[in-house]
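By letter and in written order, the chains are A, B, C, D and E; residue numbering begins at 1 in each of them.
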């Protein structure tokens, strides 16, 4: 399965990099969608089917469209007014910090003994039924909190975005 | 972005341009949209202007008769009749009985043809995939075949002459006409069953594009569009030209004046037209089909002016002619119903959605040949 | 499934850093939000990886990832709403210009 | 896929492992693509013939015996047509949009059980995967509209996105009922759960309501009449695929029609008992008969689509959205409650009656609430 | 909007279903599936249908009915007909068109030319497959293409053709000229009395058959058995209008009417076609000019220049102008 893992993560990394560096925001978004697909692919690889489907449904189905609407509403697609570079003020600081962090992470992972860990025992089928049961038995409290959170986010987003609509 | 900095949804300036699938010909509407709603609508015409009235001043009186076919190319017979009526009014030519009956038959058949196609196009604007139009066209084919048998051409009939008609209706064509009229009620029932109670259509057309009664009167709108808004004005009843006073037929009048009323008025008018046709075909007298003293060439109209008008399927079609007594008219002006019905298009479309402007235009039923002349 | 755990962790780490780099360097607020999304996803990937390699007895790893996805989605919705209202105020989404801490 | 993998190993053990695996993956894909592309070509032909006959004309009969080669002719024509890209268009996005329209349509086919034992990938989250992927088409709609940089396609794209998003919610909720009944997400187990004489879910009250809601939402999802707003010819020229020509336009058409077929496939799987039907369990030709059953039911769904397209006018945007949010959504929620009532009822009959009554009450109530715009019966007076 | 799935929509479906199903049973009836599969299945055009005009000839293409009187050219609304009358070597109008062009890209098939033609020479065809590759040269149909026989006319429009043949009065016309060679004028080969005899002689042949030009010379005939010659005596000079024959040229006609009243002289100057281009027939127009009710002497279009000058000269002599 190595090949599949390598190709998938290569695509994903490429998607992420492009999402960060492209000037045209819509192209950025497309790269982001590729990245989300990569993540979903990995979930399928790791036998977390339900999560993969949820990822596609939520991220590609909803969040991507949400970001697209936001881009549309703020009207400056190219991300750079008048061709000035799309990078912020102290961009080199950001890049330096991130790359050093990445380097440190890789070193620590290599040194720790988890690196050679191999998966054991494939999980049994019927994961979905299992998740369903868990959601309403052990995890019912987080589920309710999540419901409250989502509604709050929904109402909040609407209120903020259209706050001054009524005054007009 | 307006000054107050709030989200001002940019108004979208769209031109439902001359090349557009549902503007019934080359006609443009400059629409300013706020989201889906119409804020401003400016009709732009003139793409099909062929200088008809100037040409007529260079041709003999008979010469511009074939050009009247090209005015409202859907109803060439009624155009001919209006022109012939105007000239007969000025010259005092007496039209024989049989010719009057033939003219009524031809005019009413044209009304059937025009109304059925108008509704068909209105419904295909609403989105019904051409099914109603093709049912209407199936019946229209029969009428066009009848016109071709009689006058020689399907749409450009050039059939009427000053003082009568060019070719007589022999028995075979009379039988053909009776057969057409016999088929028509069945077609209307099928059409109504297909569309009239359709909830989607009701939702799309009721309370859409409302034309108030006094706006219709002030803007001198005529024809089914005016009658749908409650204006009881039908020139067949007012002027009683031709032999219309011999037939008993009703003139449907609506109240709400929205697109659905205009649709229903046209269906009811078709049923009335079938009644007239049955009576006319029943008691058409024998006799000459053109006034004997009508001269074909070197036809001169005594000096003076005259205005002849008829109830064309789209409204009041009038011809205002000024003659110096020569073989050519001095001034030749057409009063087209479509053009004048178009002037109130903006008032009907304000506040409606883009999808509705198209339907309202369809319900007004314009033909660009007549609008631009 | 002979891919050792280390590969996945490094992958997660790299992705997280790319997201971080984007968040720090990009000028456009929406691009920043996109980068934050990338960071979120990198973290969620790690959840699943750890669940699969270390504790795939109980499904807690997956459940946690599921909730994390839901929170991330809610967060992006609110974030974008904020960006839009900010845009309306400043008429631009340039991160550098949002200096005045007006109420 | 695993079955085929075993199959390949039994017949030619000498084949190297990775080739066998690759073959096991590619073979079902090839079969599915092949079958459903021919079904797509056939569908365009059937549609044009049926619409023709409805409208008193013959429909294509020039190319091939009864016009059968017409789809091929259309394909060739579109292939040879020049592919015009407006220069103001955003090249990359303009190119990607048709691809993104077609991909989800085909991906959903992976979980549709065509016949007994014939399913490309038996995911145990089959239906969820199908619904998730079909939401991805929203992105493609928007990209097409936005990239063509023309007002009409922008309007069409906005309408399309609003329509697809707002019809997704009732669709998923209508599917939830079926998942509750069959207890699992995998499409094969859903079909197996519908065995028995009146086993099909459509025979149950909540199943029927679910079927109607799902079918309406599927028509809206795929933008077929009466919900074909996005490419409403009469209003906004051709909606989001105005600026496409040549093969990209063909891709759009293919995407649309294949999506119609796949949505039909899912409806059949969930409500009409996929490949079940008398004779599908015969040892020898069982799978062939079950395939026939599946395609027969698919045919019915497609015919209903075409029939509606030839008859009904188009709904306006606000009515379309109002219909989804104010009627379909509450109805599907009530449908779930009805399913629960049916499930926990002491015996079949009581459950049946209870859920039927509940649903009837719900429908009447919702219709009353939404009857905002009543249609008055117009009377017309005749002047003499 | 709410009861969208109500009765109306089901009715609509029922209607389309009925149409769909019945189209298979009575599909071949033309009132159901009304499209004609054109190249294979042609629609029988009704008799009156008209497309582009054509010129009718009786018997051989030479005896075409058209006398080039240009009435159709003046009356045609889009002015798409162009006629040039054929003249012999010394300019005598032969009352047949040398050039007769119809530009069918301009012609709007209105049928007015067929209506106003005094000699039933131009009729409306019903052949509509006239598409051509070129826009200009191929769509301009010239005389040879336009000529079609009378029995073709009978074939496409039998009723109309028979009606036309019944009412048509044969119009005398000069025959087609023999290959052009210098022709002797009467003056130089005949003596004075021989010329008058010739004129009387050819008049006697009026109405019997085509006039042959050059005219047969009247010779003294030998009575069988004797050597005396006997002049072929011609019929007495008809008092009517001997010049009313469009085959005679204007000089000869004026000659015939030289000792007649002004009205007769004016009539002799006309083109003798009774084509009513002037609104009268030749007699009526001449009387109108003579009596002064109509002072416009330019209305005789077939007569062209020569008639106009002659009328002007005569009216000046009579002091009317």
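Just so it is clear, contacts are C-beta pairs under 8 Å (C-beta built on N, C-alpha and C of every residue); 3 or more make two chains touch, one makes a residue touch a chain.
Here the structure is a predicted model, which is why all the values come from computation and not from measurement.
> Comparing centres built from CA atoms, which chain ends up most distant from subunit A?
It is E.
> Please indicate which chain is farthest from subunit D, where distance is taken between mean Cα coordinates of the chains.
E
> Count the touching C-beta pairs: is B-E or A-D ahead?
Most C-beta pairs in contact, of the two: B-E.
> Using only alpha carbons, which chain's centroid is the nearest to the whole structure's centroid?
B
> Between subunit B and subunit E, what is the gap in Å from one C-alpha centre to the other?
Between these chains, centre-to-centre, one finds 39 Å.
> Can you work out the whole-Å distance between the CA centroids of subunit A and subunit E?
Measuring from centre to centre gives 89 Å for this pair.
> Between subunit B and subunit C, tell me the centre distance in angstrom, where each centre is the average of that chain's C-alpha atoms.
One centre to the other, that is 65 Å.
> Indicate the whole-number Å distance between the mean C-alpha point of subunit A and the mean C-alpha point of subunit D.
29
> What parts of subunit C, by residue number, touch at least two of the other chains?
84, 88
> In subunit E, what residues contact two or more other chains?
1, 3-5, 9, 12, 15-16, 19, 32, 34
> Note the residues in subunit D that touch 2 or more other chains, in rising order.
Only 54-57, 310-312, 315, 319, 373 qualify.
> Can you list the subunit B residues touching subunit E in their complex?
Interface residues on subunit B, with respect to subunit E: 59-60, 62-67, 131, 135, 138, 141-142, 145, 148-153, 156, 158, 166-167, 183, 190, 193-203, 296-298.
> Applying the document's contact rule, which stretches of subunit A touch subunit D when the two form their complex?
Counting only subunit A, the residues touching subunit D are 24, 26-27, 30, 33, 49-50, 52-54, 56-57, 60-62, 64-65, 68, 72, 125-129.
> So in the complex, which bits of subunit B are touching subunit D?
Per the touch definition, subunit B meets subunit D at residues 12, 14, 20-22, 36, 123-131, 134-135, 138, 194-195, 198-204, 206-207, 232, 234, 237, 248, 250-256, 260-261, 264-265, 268, 353-356, 358.
> Where on subunit D is subunit B touching in the complex?
Those residues of subunit D that touch subunit B are 51, 54-57, 151-152, 155, 225-226, 228, 232-237, 309-319, 373, 375-376, 378, 380-384.
> Once bound in the complex, which stretches of subunit E touch subunit B?
Touch residues, subunit E against subunit B: 1, 3-9, 11-12, 14-16, 19, 31-32, 34, 45-50, 71, 75, 77, 108-112, 115-116, 124, 276-279.
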